[in-house]
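Some structures to go through are shown next.
The same chain A turns up in both complexes below, where it pairs with chain B and then with chain C.
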Partner chain A sequence: MTLKTIKMLATVVVASTIGLASASADVLDTIKERGKLIVGVKADYKPYGFLDTSGAVIGIEPDLASDVAAKLGVEVEFVPVVSSNRMQFLEQGKIDLMIATMTDKPDRRDVVLIPDPNYYSSGTNILSLKSLGLKEWEDLRGKPVCGIQGAFYNKATSQNYGAEIVAFKGTAEAYSALKAGNCAAFVYDDSAIVAKTNDPEWADYEMPLPTIDDAPWGLAVQLGEGNFAALMSEMIVDWHKSGRILELETKWGVANTPFAKAMNEKYK
Partner chain B sequence: MTFKTDLPVMMPVKPHEPEPFLRLKLWHVVPIALLCIVGTTLAFAADGDAKQSPLAVLMNWAPLLLRGFIFNLVISVSAMALGTAVGALLGLGQISPNRIMSGGSWFVTQFFRNAPWLVLLFFAMFLLPFELSILGLKIPFPDWFKAILGLSLPVMANVSEIVRGAVKSLPSGQWEAAESLAYTRRQTLWLIILPQCVKRMLPPWMNLYSILTMATVLASIVGVSEVMTLTGRALSAEGGRPELLAPFYGFVLLLFFVYCYPIARYTVRLEKKFAVIN
Partner chain C sequence: MEFFFDWFRVLNQETGVNLPFLYDSYDRNRIFNGFLTTIWLSLVCLFFSVIIGVIGAWLQASSFKITRRIVNGYIQLFRNTPPLVQLYFFYFAIGTMLPRVENDWGGQSPLLGSFAWAAISLSFFAGAFNVEIFRSGIEAVPKSTVEAAEALGFSKLQIYKDITLPLAFRVVLPALNNNLVNLVKTTTLAYAIAVPELLYEANQIWSDNVNVTEMMIFLLLAYFVLVGVLVGGMNRWERSMKIPGYG
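Coming up: the complex of A and B.
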């Protein structure tokens, strides 16, 4: 290789690095330039993010994401994510913003930037047969318990209470396994379980335990995107102040959660 | 001509050929479909509550699931095309007189042929970037494209073996006769050997395609929005009703059956037609 080629290669490398650096200077500029906000949302988590029969993603979180796009004056595009790839997609820059039922945890704050305050909150509970008469979490020790792959409370339920977690891909499979008697209980979000116990088909089932791990949810942007995070903080406060979260809960058929009510009071 | 005799040895030779247990034709799919879907939904029809029957729910989602299935077919055709093109070269490499060439091709073929498809798919998914920046030009690598690359690796290795096997299966007399007529090695390969190989390669190649088509659902594990992923999402959008599982997955099974069964039948016909009688 001649000196000339080496020089040329070096120039190319430097030039492409500079090109890259300027491109990722501020994601807000990139979004405006592109004319499109790309948001990672769940597509299998009713009612927070799910599909309609045409294949479009709808739900509470897509509605929130559309609010952000409207504020920026751009189009919105949804990328379906799952628990196991949502942070990776954000780190790679495949999505600009992630609103995907993610529980706000300190170790996650090391990987992505979670603007304050939190936009939502939920706790963990179980759905089980009334006839089992479960009273406390300790009663689950040694019993098979259905869960959803990638949910953080699977680990807690098995470590703290000794349950044997059987993790499924989706809720349909888990509910089916519960009905077939393959597991004693189904550990899941309390708001979803409350809805299920009101369903006449599940009349024999109850939510017997005290809700644990009531944890706030955080939306996230890439680390270092301070401007975007500041804008998102403003938006979240606005959502709480205007009662937008409560309104969306009603729209999508969820009972107003204590967290959403409290935040509405706080910022009003 | 026939002989009047009881001696088995004098009887005309009848090749014993197992008949398929059921001779399914394409229209037979309709009753099977009804059995799969209506059968599983009948049990719940008696309920008569406000909820839509499983069949009605399935009909709502069918167009979306069909779109997902077409995506599976696109992945399978592309992976097959890519795998065949590279695999054919690799197969020719395996029969090359050059030791380095044949050794290298052999190694690549064996490596990818003996690796689990799902592992190769994960490999392609998580090792390739989601976009490639060359001199400021951004080339995106969407998930479906990575899935095509990942699935074409085992196809490539299998095609390579099919090509090698077909060339080796020709009697050596073909090579010797060509040599005596002063054909060069390249001429022998292109004008004499390969044209005879094509018909030998066709049935195993079509088998491979069927297997690949059925393997495209593996892409659901790595998050490509194909028919299995969409089925899972549709099921959760319906609130996880357990009675929907059987009709929905039954519908997906049926889609694959309708597509792959004619290919399988046609392969059998080709195999019979091209059968080499020694």
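Coming up: the complex of A and C.
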């Protein structure tokens, strides 16, 4: 081994330790140094996060993420996540911030840091053929019901109402399976189903049941990133106060939800 | 038994090692059914893939050019495409084109469900390899043996069934073992089309309980044991079929 290679190796070792040291420091510094905020968002959840015709991620949550990046004075990069991997991506540091339609649950707060207050809220409902005439949740007993892998209400739907959950990786597969008749219904967030029932392609389908489990959504940062979480809390309050959430709902064609209105009232 | 299960609940509270498929009866049921589905899917695919292999190898030696071409086309198609793509193709492309039938909840559903498509797709996938494996065995049977059988007045089918195949079987068993082990491992792909097998159920559990690490360790061990049992069985079979002085 020549002296040159030894020197080179030493530089690499030193450089990587510095890299590690800065990674363990505040994530806000890392973001500013990198000049880019990496946000995990949904890419299959119209209108909260979906792909436009050019393949770019757009929607309510990407807009919110862009607000955060603007506040930090950095660029924004979107990483599409799904329900079953979003918390893992955050834990592994693949993303700095996760705004991915995640319901705020106590056991999730053990794994990721969810700043208060909640930025949004939605409940659970189903999309099903009008001709089936489903009226209440009990009607699902014994029927195959499509779902998304990783959604928390899968277990409740099968445990409480006896539905046989057929869970797919993404919504595209689940919608396709519902259309093909592999399931009697698709259990999902009411916010996404409302958007679907307005779609002419889904004119034969309806959202027939009373919404259950109305639960707030939480965005999340890595555990231990207190500074970033404090900043996000401020941002969320700001979004509610300025009516930004209501404005984005209108922009993306969602009727203003009671939660967004109430929060706007509360902080105004 | 309840005491044993409760111990794991305490383990979770005390140490954070979360194994809900042991202490939660709902999750226990899920993982047990997942285990049964994996075993059942494996058995169905093992059976049909071997049948496809035997018949395919026989047709490959057919004197009709067209039959040989069809068999070769089938092998190329299934050997040169990824099994996951085949699964998706069968389930989402072919499955939606089939006629629909009235089901017991008053809707219209496709003729075949996800389990059936997984069984068909994986059998064809492993079958393609099995045809080639059996061909190698058949070609290893000395030509003089076949000629001797012809001289004794055996028909073509009789020669294949009673002479070539039994000898070939002993030659191909190690290679067949290999492919069948791969087949059992490939059944995990069925999770993509929501067949409730072991990986799928484990995924449901780790999604609900956020215990990814524990479930990954469990899955690795579960498949290790499952495939270990298969390999043990096949090795025994190999030994019991041994003819002294042959192979």
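Definition applied: the second predicted complex is superposed on the first by the 235 of 268 C-alpha atoms of A that agree within 3 Å, B and C clash if a C-alpha of one lies under 4 Å from a C-alpha of the other, contacts with A are read in each partner's own complex, and residues count from 1 in each chain.
Criterion: contacts are C-beta pairs under 8 Å (C-beta built on N, C-alpha and C of every residue); 3 or more make two chains touch, one makes a residue touch a chain.
The shown structure was predicted, so the numbers you read here are calculated from the model rather than taken from an experiment.
Identify the partner contact of A:176: answer first if only chain B is touched, second if only chain C is, both if each is, neither if none is.
After superposition on chain A, A:176 lies in contact with both partners, chain B and chain C.
Based on the superposed arrangement, let me know which partner A:167 touches: chain B (first), chain C (second), both, or neither?
In the superposition, A:167 contacts chain C only.
By the touch definition at the top of the document, which applies to A:55: first (chain B), second (chain C), both, or neither?
first
Regarding the shared-chain residue A:82, is it in contact with chain B (first), chain C (second), both, or neither?
Once the two structures are laid over each other on A, A:82 reaches chain B alone.
Between chain B and chain C, whom does A:92 touch in the aligned arrangement: first, second, both, or neither?
After superposing on A, A:92 lies in contact with chain B but is clear of chain C.
Thinking of the overlay built on chain A, is A:150 touched by chain B (first), by chain C (second), by both, or by neither?
second
A:45 in the overlay: touching chain B, chain C, both, or neither? Say first, second, both or neither.
It touches chain B, and chain C stays clear.
In the superposed arrangement, which partner chain does A:200 touch: chain B (first), chain C (second), both, or neither?
first
Looking at the overlay, what does A:231 touch: chain B (first), chain C (second), both, or neither?
neither
Which residues form the common part of the chain A surface touched by chain B and by chain C?
169, 173, 176, 179-180
Quick check on the complex: what are the chain C residues that touch chain A?
26, 92, 95-96, 100, 103, 105-110, 113-114, 192-194, 200, 203-204, 207-210, 212
Quick one: which bits of chain A touch chain B in the complex? Just the residue numbers, please.
My answer: residues 12, 15-16, 19-20, 43-46, 50-55, 80, 82, 85, 92-94, 169-176, 179-180, 200-201.
Residues of chain B touching chain A in their complex?
For this pair, the touching residues of chain B are 49, 60-61, 63-64, 67, 129-130, 133-136, 223, 225, 230, 232-242, 244-245.
Okay, in this complex, where on chain A does chain C touch?
83-84, 87-88, 107-108, 110-111, 129, 131-132, 142-143, 149-152, 154-155, 159, 165-169, 173, 176-177, 179-182, 184
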